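Sharing a structure with you now.
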Amino acid sequence: MPHLTLDKVSVHYDGQPAPAVERVSLDVGRGDFVVLVGRSGCGKTSLLNVAAGLVEPARGLATVGGRPITGPGPDRAVVFQNDALFPWLTARENVAFALRLRGVSADKRARRADELLSLVKLGDAGDKRIWELSGGMRQRVGLARALAAEPEFLLLDEPLGALDALTRERMQTTLLDLWAAAQVGVLMVTHGIEEALVLATRIVVLAPGPGHVVRTLETHFGRRYAAGEPIRAIKADPAFAAARAELTDAIFEGEAA
Amino acid sequence: MSVGTYSERPAAKAEETDGFAVPWSRPRPRPRRAISARLVSAITILVLLAAWTVSASLQLVSPVFLPSPAAVWAKFVIVARDGFVDATLLQHLLASLWRVFAALIAAILVGVPVGLAIGISRIGRGVFDPLLEFLRPIPPLAYLPLIIIWFGIGEPSKILVIAIAMLAPVALSTAAGVRGVSRERVDAARSLGATRAQVIRHVIVPSALPSILTGLRIALGAGWSTLVAAELVAATRGLGFMIQSAAQFLVTDVVVMGILVIAIIAFVLEFVIRRIERVLVPWSGRE
Amino acid sequence: SAEDLKITIGYQTVVEPSKVPQADGAYEKATKAAIDWRKFDSGADVIAAIASGSVDIGYVGSSPLAAAASRELPIETIFVVGLIGPSEALVARNGAGIEKVADLAGKKVAVPFVSTTHYSLLAALKHEGVDPKSVQILNLRPPEIAAAFARGDIDAAYVWDPALGQVKTTGKVVLDSSQVAAWGAPTFDAWIVRSDFAEKHPEAVRDFVKVTGEAYAQFLARPDAWSVSSPEAGKIAKLTGAKLDEVPELLKGYVFPPLEEQASDKFLGGATVKAIAATSAFLKEQGKVDAVLPDYSKYVTAKYASEALASN
Amino acid sequence: MSVGTYSERPAAKAEETDGFAVPWSRPRPRPRRAISARLVSAITILVLLAAWTVSASLQLVSPVFLPSPAAVWAKFVIVARDGFVDATLLQHLLASLWRVFAALIAAILVGVPVGLAIGISRIGRGVFDPLLEFLRPIPPLAYLPLIIIWFGIGEPSKILVIAIAMLAPVALSTAAGVRGVSRERVDAARSLGATRAQVIRHVIVPSALPSILTGLRIALGAGWSTLVAAELVAATRGLGFMIQSAAQFLVTDVVVMGILVIAIIAFVLEFVIRRIERVLVPWSGRE
Amino acid sequence: MPHLTLDKVSVHYDGQPAPAVERVSLDVGRGDFVVLVGRSGCGKTSLLNVAAGLVEPARGLATVGGRPITGPGPDRAVVFQNDALFPWLTARENVAFALRLRGVSADKRARRADELLSLVKLGDAGDKRIWELSGGMRQRVGLARALAAEPEFLLLDEPLGALDALTRERMQTTLLDLWAAAQVGVLMVTHGIEEALVLATRIVVLAPGPGHVVRTLETHFGRRYAAGEPIRAIKADPAFAAARAELTDAIFEGEAA
């Protein structure tokens, strides 16, 4: 089974005095759900971009299935922090984009796109233009577009950031359902501590200056959900509260509150 | 398309609320009160016509050099009916229209791919940049003999002269459009499995489309303005040929009439391209 | 006063003797004026510049001159540069099967429209009874004629030097303008002046004519002395851009009338008016001008030529 | 500016990783292996020169129409030293450069505001659109006599002819740039207290700058290619004047030399504008 | 003291079958901190845009200080959901933009911009270009830019959405400090239920289809903080937990969890 690995990766942007990320190692197998958390500007997006093949590490190696990553590929679908939707397409056409690339018939791909739009609770927004969508709707269209590509790895940069609590919770379960069913590997950036706990099989905590890993937590709440336990029950578990406290500490370590 | 902005309402601070004509989606407007651009255009044209009539009737310059609108109109009727230099106005017009359109199509077929190549690939830029840069500043009057030596005195030569004038605007605008493509959208497409060709077709071309259409509009203007030079090449028909023949004999009313006919045709074409623009790139300015 | 008089002269790069005094500054010396020499490429532009008042004296061919006169522009012809002779000729491509004017029917013939050769060609067709509609007459400028001729795109061309020399290498002369002139359709180049300028500065115009006449006299006295190695040919080549070794040949293409003949009835005194009237009538026939004037004598004056002659 | 993409590395899937020449900020690259655009350009130019030399020496076309590179070079040396039609090459060049630049400045001074007006205000569009649409397709050869009549035979006429050719590209590109301005940025500026004038100065102009610069590049090409037409009007100096005089006497080597000089100058100017572009609009394509 | 009021405002976008928002009334005085919450796509951004003068209501009236709103103005500074930063300016120049418009000297405005950047914890990012900033950093620059205008009303569309928990909490206190000190009126959209409770003096809950007000809650936790009580203590108050439950219910009313 292919693994996505970053091996002692450093990122150094042109013209910047210091590296943005230094010697970070990560491993995402299919069936893993790895969540990156950390302070604003600590290099989460940068690492995700390395995995996506959009940023070349200054040092270290990024591989997928053992082969070095040389650019973006359909095996790793990305949802960007700023939805990079195509304004010349409708919401449905945006979602169907990956299918169109593969030559799926117009009919079939419209059907599949509508399925995915319903999945992200936008069943009736298929004909809308991008500029007719609200911020949260765009984010969900971006997510559906990545799902349509049926990748081996999903790389998500705060995919639920602009969503209200209820929609967000629903999207979380949708993500977990998809992940459990398709056995994809997920690498996701989030700012929600609970979200990280509910979703992740592994949480990687980054600290800034330059970005490095301070802690890795293995969690299992997501697997419990995938095995059938209701999500509210999982959140009520005292183990959840303990993990929450531990994670909060790890993130805020050495910081005045 | 109805565009509603606050500009159409009585405004407390006029200077800040004059509104922008840039179209974008806003809620339903109140009924328009501001004058429309088309009305202003009509007024402008009428004012120009009036100025022309007045200065012609005052005989500020000899009518040989500034014929009155009436004289030009009379000439228009005569040339439309009886012709000038052996062909009617319609025949001249059709000959020129066909040349300009053939050249436009050639310029699109060559210029858009060349512009894409320049914008996208380092090798494309290396090869086409010098060719284009070499070609575009050369005055057509200077290379006419070479064109004839290589391509003869038939239609191809005339079309080529016009097409060369059109090539640079099309290619440069395309290349500029490609340079402006959002990096994130390209990345998104690639991560969705797009090959290089698919990125070009599905992301770069649509993104560059507004710029390409601007290039076409500039190119059409350039093409018309090369018409006289092109029709110096053994033409027997064409608006440029007509104008040139008339100019040589100081038949200024025909010259002015020809200029007006070209301007009107160009006007109509421009209008059509703008329609196309609105249909093809409704997202322009809304991203 | 004459000291701060400014004259703007529009010339064309025709190879003729008055280029020498132009190069020497002789006109400035004679008129005691500051002269602004401006090059033009077509008679129509010269006429436009004169009519707008930005040029005072200009060089034009007989066709644009006739067109301008028919449109009653305030100009006067003051000096006939020369009757066009062998310097403009109809050349048929070898193998095109054209031996005489009558053979032109059905053939492609190129001329620069509106030029003197255009007039000569049509006059020749008329004289020989060939229907112009049966001939494919194409509009090309001289350099393009040379190119099209070399390619074989055209069967014949009526053109002047140096394109004429170029086409002669692969063709032969069927007819030249001295023959057409003999048939009653002379073509010529001339100096013209804006009427109000002439009225205000008659001495300047007279001096201009005088200097021009002197140059012609010098050339006519010893035409062969203006050889490739002569300073005169060098000056002409430098000023016009003509190839130096072609200059002597080019100078032979015209019949240059001396000052003594200018005022006579062979030229300004009579024949020129008739030639302009004939050209105008012809242009009218061609639909190029709207109306022909009953009298063209107003556009030709022998006054300055006579005065120049008298002041010698 | 160093641009690093994966394209410079050995790639598993070549077609997908060929890389885009669009500049954007990426981490430090490995040392380049791909050939640079400049090298490709140099090769292209050499190939063209070789083709010219070969076809000239084979006498595929008569040297009257296509002189050899050696002949052109020889002529270059002679004209540079001794001059042609009474002025040296440098004098011709300077005369033309001054005209083109004066026209460029005029075109910028008029075209950019006009383009802004068309893009921004409904009244501006109404007034200037028809004027521009009328002006731009007219062939310069058609209106030369009129220009002489109205503006005389001095420098202003020549500059005007060139400037008219430049006006449309500048104004249209500016207007297109304005249309592409992000609505949100305009709104942001207005809510920060920007008056209409300040929105134009601080948001619309910088946003439209890439487009304006493209317009200038197209305009310069159009300007050079109108040079011969402009210098038909009673010039005493200028590259166009030189070319035209030479063409009349079939001095083709001077014609070709003049064309090359124009091309080289245009090349250099283009290079300068691209530098300016890079300094002025580093954000192009990164938004 | 000027009030910002929406009176039975409806928003109907061109070409849409149904209105996006119907008959919503709101009132924001100086010193008020009104928070809009509600599901994704329920019209929060639309209402904020009406207050900003960027969208014209189809029916109803929006006024500020009693005069109808006819367009955006410097009295109401907006922070957009997609940061609308100017890429041709550095971070500092973006922040100083409003000052530049007023003709403040280069020196002074750079100083003020640096102050504001420190306030949003970006003291050392002043010289960066926009594309060199992370998502969360951009959001903060956008906030600082609005603050620089010293408006009477601040209109904020999810201004802290892309921030990690710690930075977000700090930004919340910064916002409260500013609000208390400058006595501006704030109208803010957020998805954070706790955030709404901590910041607001009044919370307006919107429901979709078309957007309308379902509940208005007056709260006082923010005022307590402004009066000096530490924020952690406020969050620990049982009244806070009760308000939290009430708000959650209001948002999720009639929805299956």
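All chains are identified by letter, namely A, B, C, D and E, in their written order; residue positions are counted from 1 within each chain.
One rule holds for everything that comes next: a residue touches a chain if its C-beta (ideal position, glycine included) is under 8 Å from a C-beta of that chain, and two chains touch if they have at least 3 such contacts.
The shown structure was predicted, so the numbers you read here are calculated from the model rather than taken from an experiment.
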Exercise for review: Identify the chains in contact with chain B as well as chain C, in label order.
Suggested key: D
Review point. What pair of chains has the most C-beta pairs in contact?
Key: B-D
Check your understanding: Whole-Å distance, chain C centre to chain D centre, using C-alpha means?
Key -> 39
Check your understanding: How many angstrom lie between the CA centroids of chain C and chain E, rounded to a whole number?
Key -> 83
Practice item. Measure off the straight-line distance from the CA centroid of chain A to the CA centroid of chain E, and report it in whole Å. Key: 27
Check your understanding: In whole angstrom, what separates the CA-based centres of chain B and chain E?
Key -> 46
Check your understanding: Where does chain E touch two or more other chains at once, residue-wise?
Key -> 13, 53, 71-73, 82, 132
Review point. Which parts of chain D, given as residue numbers and ranges, touch two or more other chains?
Key: 16, 25, 65, 144-146, 149-150, 182, 190, 195, 232, 244, 247, 286-287
Practice item. Name the residues of chain C that each touch 2 or more other chains. Key: 42, 44, 48, 51-52, 143, 146-147, 150
Review point. Touching chain D in the complex: which residues of chain C?
Key: 8, 10, 13, 37-42, 44-45, 48-49, 51-55, 142-143, 146-147, 150, 162-163, 166, 238-243, 246
Point to revise | chain B contact footprint on chain C (complex, rising order) | key: 42-44, 47-48, 51-52, 63-64, 67-68, 71, 73, 110, 113-114, 136, 138-141, 143-144, 146-148, 150-151, 153-154, 283, 287-290
**Study point:** In the complex with chain C, residue positions of chain B that touch it
**Key:** 61-62, 64-65, 84-85, 144-146, 148-149, 152-154, 232-236, 241, 244-245, 247-251
Study note, to complete from the structure: Per the touch rule above, chain A residues touching chain E in the complex are 13, 16, 37-41, 44-45, 81-82, 132-137, 140, 157-158, 161-169, 191, 193, 232, 248, 251-252, 255, 257
**Study point:** Parts of chain A lying in touch with chain B, wherever the complex brings them together
**Key:** 52-54, 71-74, 76-78, 80, 82, 84, 86-88, 97-98, 100-102, 129-132, 145-146, 148-149, 155
